[in-house]
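Below you'll find a set of structures to go through.
In the two complexes below, chain A is the common chain; its partner is chain B in one and chain C in the other.
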Partner chain A sequence: MFGARKFWWKLTAVLLLAYTVIGGLLFQVPRLSIVNETIRALYFHVPMWFGMVFLFSVSLVYSIRYLRNPLKGNDTIAVEFANTGLAYGLLGIFTGMIWANYTWGTPWHGDPKQNGAAIATLVYLAYFVLRGSLSNEEQKARISAVYNIFAFAAMIPLIFIIPRMTSSMHPGSGGNPGFNMYDLDSKMRMVFYPAVIGWILLGVWIATLRIRIRNVEEKILDLEDNV
Partner chain B sequence: MYKAILLIILSLFSQVILAQEVEMADTMRSEGKIYVVVAILVLILAGLIGYLITIDKKVSNLEKRIPKK
Partner chain C sequence: MILTLFQKEFTLELRQKSVASGLVIYLFSTAFICYLTFRLRENLVTPLVWAALFWITILFTVINSIAKSFIGERRGREIYYYSIANPADIILSKIAYNFVLATVLSFSGLLLFYVFLGMPIEDVSIFSLSILLTSLGFAASLTLLSSISSKANNSSILMAVLSFPVVISILLLAIKVSKNCIDGLGWDASWDELLTLAAINCLVSAMSYLLFPYIWRS
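And now, the complex of A and B:
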C-alpha cells in the first residue's frame, strides 16, 4: 500500500504542500509583537525538524533490522533516510538562523535548542564520516548501524529534553513572551499539521528515490561482475 | 484612591490599544500584493515537484531496463 512506486501518497504530499504555501501566507495568524508576520515561518521551519526526526526514526528502524538480519537492502534504506534527514536538519538550522536574526537579534543566539540541534547535526555528520572511512562493505554496514542507534539516542535528549530543562527562547520551553499564544491558536494548527505531514511525505519521497537509484546501481554492478 | 482606579483603568485601556497596534502586513494584503508572493512560491513549489516527478519516472524506466534473474 505504501510502496515506493505508489502514486497516491506522493499526490497527498503535493496537495498538502500547496495548501501549506497558500494557507500559510493567506490565513489569519495571531497578531503578536516582535514576531509579527514572521510567525508564518512556523509552517516551514518547524516541519523541517518534524521531518528530520521522522526520517531519522525510519533510519534507526532499518539499522536495527540490519543488525538482526544483515541484508544489504536494510543498510541502503537506513543510509538514505539518514541522508535525507540530515538535509532536513541543515535546512532547519539555516531557516532558524534567518528567523532568529529578525526576532532574537542575532542569527546564532546560543539558545539551548539551537546548540542542541547543531550538535545533533554533527553527530549525524559523523555517521557519514564513519561510513566513508570503512572500505569493507559488511563492516561499514554493521558498524554504522550500531553508530546510528547511538546517534539517535544522542539526538533525542539534545533536541527534546535538554532545551526543556533550561530556559530556551523556543516556544514550549522557558519564557517566550512573543509566542505564548501559539500553543493555543487553532487557526494555525489548521495549516501547521497538514504542513508537517506534507513535508514528511516529501522527505520520504526523496529518500525512496535515492534508495531506488542506489538499488539500480547495485544491480548494474552485479551484472558487470557476472560478465 | 481615585487616582489608583484611574491608573488601573487607563493601563488596561492602553493594553487593549497596544494589542491592536501590532504591526502586520495589512497594507500589503489590502493592495493584493500578497498574491504575488503566493504565486511565486506556488510556482517554485510546482517546478520543484515537477522536477521530482521526472526524476521518479527516470528511475522507474531504469528499474524496468534491468533484467530480472
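And now, the complex of A and C:
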C-alpha cells in the first residue's frame, strides 16, 4: 500500500503545491489596472474549477460504470469524488468572493458566472439530499447514479454555455483582461499549469482517502453484525 | 405501443377531471393573485416584472402537473405496465403527453395574463416558439425527475429540490427570449437563445430516454 509505485503521485502533488504557494506569492506578476496583485488568485481560484470539473467527471464515469455493472465499489467512488468536487466548488466560490471583494467592491456581485457556479453546487447538494432520502442501499446507488449523470448533463450549459452568452465582469470575458493566449504572461503559465495539476492531484488524493475510510467503516459494520 | 400509452394518458386524464380542473384553478388563482397585487398600480407592471411573474407562474404550475405523472401512479398499475410495455415506450409516451399538457397550460397562462395584466409582448410568434421549446424542455427533464422522486419517501419535497437546478438553465434562456420579445427585437436577437434552448432540449430528452430504463427496473 505504501510502496513507491503508489506514492510518487502524492509526492508530486505535495511538491507542485509547495511550488505553487511559494511561486504564486513571490514571483513577478504583470501589473494590470484594477486587478493588480489580486491576479495571484489565478493560481488558487481558477484551479479549483479545473479540479471541480475533473472530480465531477470522474464521479460521472463511475456512475456510468455502476449502471453498466452494479458493484458497490463503483458507487462508493462516485459518491466520494462528488463529495470532494463539491468541496472544491465551494472553495472556488469562496476564493472568488475574496477576490471580488477587492476588485468589484462586493463579495457577491450577481455576476452570471457567480450565479452559474452557485446553481451548479446546488445540483450536487440535491444529489446528496436524494441519497439521504432513499433507504434501500441498492436503489439508492442506482437512482443517485442516474441523477448524477442527468445533473452533469444539466450542469454543462450552466457552466460552459450560458455565461459565455451574457456580458460578464469576470476576467476573460467582456473585454476584461484574463485567461487567454495574449494576456497570460508566460511567467504566469510556469506557475499556473503546475498549480492546476497539483490541485487536481490533491483532490484525487483526498477522494481516495475518503473511499478507504468508507470501506474500512463498512468492514467494521460487517464484523459487528457477525458478532 | 407509444400511441396506445399516449391515448391511455389522455383517457385517464379525462376520466379524472378533478386533477385537470385542479391544475387550471391553480393557474387561475396564481394569475389572479398577481392581478390583485398590482390591480391599481398598473405602472408597476413593467415588462420585466410581467415576464418574471409569467415564468414563475408557468414553472410552478408545470412542476405540479408533471410531478404527478409518476408520483400519482398506484403500485399495482406500475407492475402491470412493467409486464406489458418496455421502458423506452413508457418514457416517450409520458414525455409526449406532458409536453402537450405543459403547452396547453402555458398558453392558457398566457391568455389569463393577457386578460388580467395586459400583454407587453411585441413579437407573439417568437414568444410562442419559445413557449413551445420551454414546454418540451420542462416535459423531458421533469418527467425523469418525477420518476426519480417517486422512488423516495418524501417525494413532493424532493421533486422541487431536484428539479430547480436542472430546469433553471432552460428558464434563464426563456426569460432572456421573452425580454427580447418585449423589446420587439425580432429574430436576429433571439436566434442564439432559441438554438441553445433547442440544443438543451435534445440533450435532456436523450438523457431521459437513455436513463429511464435503469429507474424503471427497480
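Couple of notes before you dig in:
Rule of thumb we're sticking to: the second predicted complex is superposed on the first by the 214 of 227 C-alpha atoms of A that agree within 3 Å, B and C clash if a C-alpha of one lies under 4 Å from a C-alpha of the other, contacts with A are read in each partner's own complex, and residues count from 1 in each chain.
Note that in this section contacts are C-beta pairs under 8 Å (C-beta built on N, C-alpha and C of every residue); 3 or more make two chains touch, one makes a residue touch a chain.
Values in this document were obtained by computation on a predicted structure and should not be read as measured data.
Contact with chain C, but none with chain B, is seen for A:Leu122 once the two complexes are overlaid on the shared chain.
By the document's definition of touching, neither partner reaches A:Leu71: not chain B, not chain C.
In the superposition on chain A, A:Ala154 makes contact with chain C only, not with chain B.
Comparing chain B with chain C, the partner in contact with more residues of chain A is C. When the two complexes are overlaid on their common chain A, residue A:Glu37 makes contact with chain B while staying clear of chain C.
Look at A:Leu17: by the touch rule set out above, it reaches chain B but stays clear of chain C. Look at A:Met190: by the touch rule set out above, it reaches neither chain B nor chain C. After overlaying the two complexes on the shared chain, residue contacts for A:Ile98 are found with neither chain B nor chain C. Those residues of chain C that touch chain A in the shared complex are 141, 144-145, 148-149, 151-154, 158, 161-162, 164-166, 168-169, 172-173, 176, 192-193, 196, 200, 203-204, 207-208, 211, 214-215, 217-218. Chain A makes touch with chain C in their complex at residues 67, 119-120, 122-123, 126, 129-130, 133-135, 138-139, 142-143, 145-147, 149-151, 153-154, 156-158, 161-162, 165-166. Against chain B, in their complex, chain A makes its touches with residues 5, 10, 14, 17-18, 21-22, 25-26, 31-33, 36-37, 205-206, 209, 212-213, 215-216, 219-220, 223.
Here chain B touches chain A in the complex through residues 18-20, 22-25, 34, 37-38, 41-42, 45-46, 49, 52-53, 55-56, 59-60, 62-63, 66-67, going by the rule given at the top.
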